[in-house]
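In what follows, structures are represented as structure tokens.
Next come two complexes, and both contain chain A; in the first it sits with chain B, in the second with chain C.
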Partner chain A sequence: MKGYNFAYLDEQTKRMIRRALLKAVAIPGHQVPFGSREMPLPYGWGTGGIQVTASILGQNDTLKVIDQGADDTTNAVSIRHFFARTAGVATTTSTAKATVIQTRHRIPEETLRSDQIIVYQVPQPEPLSRLEPSRVETKRMHALADYGLMHVKLYEDVARLGQISISYDYPVLVNHRYLTSPSPIPAFDNPKMDRMPALQLFGAGREKRIYAIPPWTDVRSLDFDDHPFRPINAPQACGLCGAADSYKDEVVTDDRGGRMFVCSDTDHCERRRNDAA
Partner chain B sequence: MAYVAVKGGERAIRNAHAWLAEERRGDPSVPDLGLDQIRQQLGRAVDRAMGEGSLYDPELAALAIKQAQGDLIEAAFLLRAFRTTLPRFAHSRAVDTARMRAARRISAIFKDLPGGQILGPTYDYTHRLLDFELAEDTLPPDAPRAAPDPSPMPRVPDILGREGLLEPDGATDAEPGDLTRDPLRFPAGRDVRLQALARGDEGFLLAMGYSTQRGYGGSHPFAGEVRMGEVSVEIEPPELGFAIDIGDLTVTECQMVNQFKGSKTQPPQFTRGYGLVFGFSERKAMSMALVDRAMRAEELGEDVTAPAQNVEFVLYHSDNIEATGFVEHLKLPHYVDFQSELQNVRRLREAVERREAAE
Partner chain C sequence: MNDDPILSARGLTLFFGVIPALIDVDMDLWPGEILAIVGESGSGKTTLLNVLSGLLRPQSGIVSYRDPEGGTHDVHAMAAPLLRTLQRSGWGFVHQDPKRSLRMNVSAGGNVGERLMAQGARHYGDIRARALDWLTQVEIDADRIDDLPRTFSGGMLQRLQIARTLVTHPRLVFMDEPTGGLDVSVQARLLDLIRSLVARLGVAVVLVTHDIAVARLLGHRIAVMQRGHVVETGLTDQVLDDPRHPYTQLLVSSVLQA
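Moving on, here comes the complex of A and B:
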């Protein structure tokens, strides 16, 4: 694009972000502050993910962008266009063909490979933020691995509701050390993060933090022995492809209680329907 | 299933933007708004967009305001996104506001002082009556003119400081922090706090400053001085070894003089709060000075109890570009998360119903 560097950011900025990424990979799950830039998209709309993607993207990469699991949600379309325009890279909707996948709120159903990188858009990198608003305090808690506050929150859930009531952005312990936000993916997706062959990078633009989970790292969703982690999904099978094991969106079909459940991962659903045909 | 539309997002975005462009232009039989008109006749809007966009360029600010249909936060956002792509050639020297060519200078603590009180082009003392004649294209009568007064206009803190009645600036030689390059970290120095406030949202600072006046972290403020006018920006290229003038900025500066502090052993001294913003924006400069002083509570040994005194709270929420993005991101689809909440609530309800049935 005329007047702008490859993938929008100037090379000095990319270098600064790559340094933060290297540190993040070296300390899995630890939030690394970085000099997040103002982007031409609003904060909260994926500026962190976009900056990470812009810094790792090469000319031969193939990019896939999803939002809510779908390639065609408006914000995914907008971000895919942004990179098609500023980097001129190939884009795809196929999970298998992508080398870099930027996502908001989902992990694709298809198991990712070691030659792929998944970049998460993160609105709130601090998993303790709802329990302790001060970052000075939460920083201290991470330093001391003092996560009692979160365990108490989970315990209170069990005491009051009979079960842990977090259904998305379900906190995980990365590499047995750092309490980490998986970003607002449904808890259903959490097990996919554990020992994932692909590199997982997380960018929070507004909060100016980067963190990472290297390939094959242990990622454990917090739970108790007598209240094990239980992912949530609709019990119904997909109304389009019949998949029972994929995460479903609920689509309201009329005003008389009519419902249809369909795969949230549009590429997965489409591939299954093509295979069946 | 229109909103879920598996295909069609691209076309929808294209069409929406075409509609927006049409809306922006409005009725084509009405003449197009020129950037010179915005710069000349909507100067306060230009100033606000430059201040919160933290880019001093009236021409680009006028363009941003036109492109944003007068939405000043959107205009500041456009300027910020442009500014971030610009290379940095140099750091300027600190501007010297004592040498300002002031169009306005008032002090609320001295009846008269060297350099005098100058009202300048102010709304103060106007009666807020809608002027129906302005609806027509009218030319105002010439304002009276006087020869510029060459006498120096020392800053009020310098006058008070000479007697030791006001705490000194606390200036350091260290290079100031820069929020646009390094993320906010705590404890945040006053340099970084002032930068955040200067870029901060006028409405937020106004409310925060106002809250200190209503008892949430009060500090007995006096408007020591407010001045507005042009200052020179100088850089000192290392290969030259001396400073050169690269242009002028219009800025508004506020020096707030606040409650004194002292002890048996230390003579009492007034404390201060400082505000400086691009353009003519007295409301923001004054609010900024109030909030700056409030955030110094801990440093001055005062109890930190009010929102305006909480540095983390103020600094994390003063930036309207960050705030507007995150508030408005709620309109992005969240159906995956909402779906898991739905299933979660259904599961919790089932558990309760099962228990009730068993009883």
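Moving on, here comes the complex of A and C:
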């Protein structure tokens, strides 16, 4: 697009973000501060993810953008369109064909490959933020790997509710060292992060932090020995493709109480229906 | 019984501006011993406690801690992770105001369990059983385990803080006026509890108090402080029954006879 640099951001900014990314990859799960720019997008809509994507995108890349698993929601459509216009890169809705996948709140059902990169949009990069309001203190806790407080939260859940009740943004320990927020993906997706062949990058625009999980890194969801981590999913099968093992959304279909469960990953659902047909 | 002190301080000096808080203070604490530090307000008792426990850095002098394996560490030169590990497991700190160390929005059980979890305990059933055991030991009803500390009385909060501190079986506990602000009958029960727990676990305690009666009841040895100086030390009964230093004489004679 005329008047704009390739993929919108200027080259100096991309350089700065790539430096932060390199550091983030070198220290898996550690939050690296970066000079987050104003983007033509409100905070909370993926300003962090979009800057990371802009910095890693090359001319031969194929971009897929999902929002809650869907390729056709406002956020996904507008970010995909943004890069199609400012970078002229090919876009796709197919997980298998994409080389870069920017995501909000989901990991695709299809197993990612080592030649793919997944970019997460992160609202709150600090997993301890709700427990310890001081950033100075949480930094010290990360430095000393002092994560007892997070387990106190899990303890309180089990004591009050009989189970760990975190259903999304379920805290993980990356590479046996850093406590990390997986971004608000459902706990169902956490196991996919463990030893994933693809590079995982996380961008938090408002909070100005970048972190990463390199390929094949151990990612463990926190739990107790006697209350192990459980991925949560609706027991119903998908109303469209019949999949039982994919993550489902409950969708209201009319105003008379009609509702159905459908795959949240629209590409996965579509592919299954095409294969069946 | 080992004859080396668990904690020893040499030449501790600290000024707040021009105000002397500690002047050339030496101190030794042996395993299983309770050392009471008494003195009037502003005499440097709490500052000494903070310096000994590594919370405050002295301008000169060293504090050395001997670990169970016999190695000695300069508390103020220790690596931060090691010091924190010590502070959350091998050591304990009981504040005058329990709200400073308790988490008021976390249940009693969670408060007691926190130090266990910080040490790496990852079995919910075990953590809960040990929390329950400790609540019983400090005479808090077992069915209050899931209640928030803000529903507890002042005396119960202080006992909860003691349970939370002792659950990791520390070797060394710092106590800052543990019975301050409590009424007399509650104080008596608490002192009794501290005395029996400390004796049973063999914990070494540095106890700061302005109350001579508390020092007499709990302390094996006593150190009297005045304006940053330790003016007299010795066995508690000896010092209190036969005070040498004029200030100690004043302090002892100013206690109301009941």
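Quick notes on this structure:
Please note the rule applied: the second predicted complex is superposed on the first by the 273 of 277 C-alpha atoms of A that agree within 3 Å, B and C clash if a C-alpha of one lies under 4 Å from a C-alpha of the other, contacts with A are read in each partner's own complex, and residues count from 1 in each chain.
Assume a contact is a pair of C-beta atoms (placed from the backbone, for glycine too) under 8 Å apart; a residue touches a chain by one contact, two chains touch by 3 or more.
These numbers were taken from a predicted model, which means no experiment stands behind them.
In the three-chain model built by superposing on chain A, chain B and chain C fit together without any clash.
In the overlay built on the shared chain, the residue A:Leu161 is in contact with chain B alone; chain C does not reach it.
Counting the residues of chain A touched by each of chain B and chain C gives the higher count for B. By the touch criterion stated above, A:Gly242 is placed in contact with neither chain B nor chain C. Once chain A of one complex is fitted onto chain A of the other, the partner contacts of A:Gly88 are absent, as it touches neither chain B nor chain C. Of the two partner chains placed around the shared chain by superposition, chain C is the only one that A:His227 touches, whereas chain B remains out of contact. Of the two partner chains placed by superposition, only chain C is touched by A:Gly148; chain B is not. With chain A used as the common frame, chain B approaches chain C to a shortest CA-CA distance of 10 Å.
Interface residues of chain A facing chain B in the complex, by the touch rule stated above, are 4, 8, 10, 33-40, 42-45, 47, 67-70, 72-78, 81, 104-106, 123, 133-136, 161-163, 165, 167-169, 184-188, 206, 208-209, 232-234, 247-251, 253, 264, 266.
Partner chain A is touched in their complex by these residues of chain C: 80-81, 84, 88, 103, 106-107, 109-110, 113-115, 117-119, 122-125, 127-128, 145-146. Those residues of chain B whose C-beta lies close enough to touch chain A in the complex are 1, 4-10, 12-13, 77, 80-81, 83-85, 87, 180-187, 312, 316, 321-322, 324-329, 332-337, 339-344, 347-348, 351.
Residues 143-149, 151-152, 155-156, 158-160, 223-227 of chain A touch chain C in their complex.
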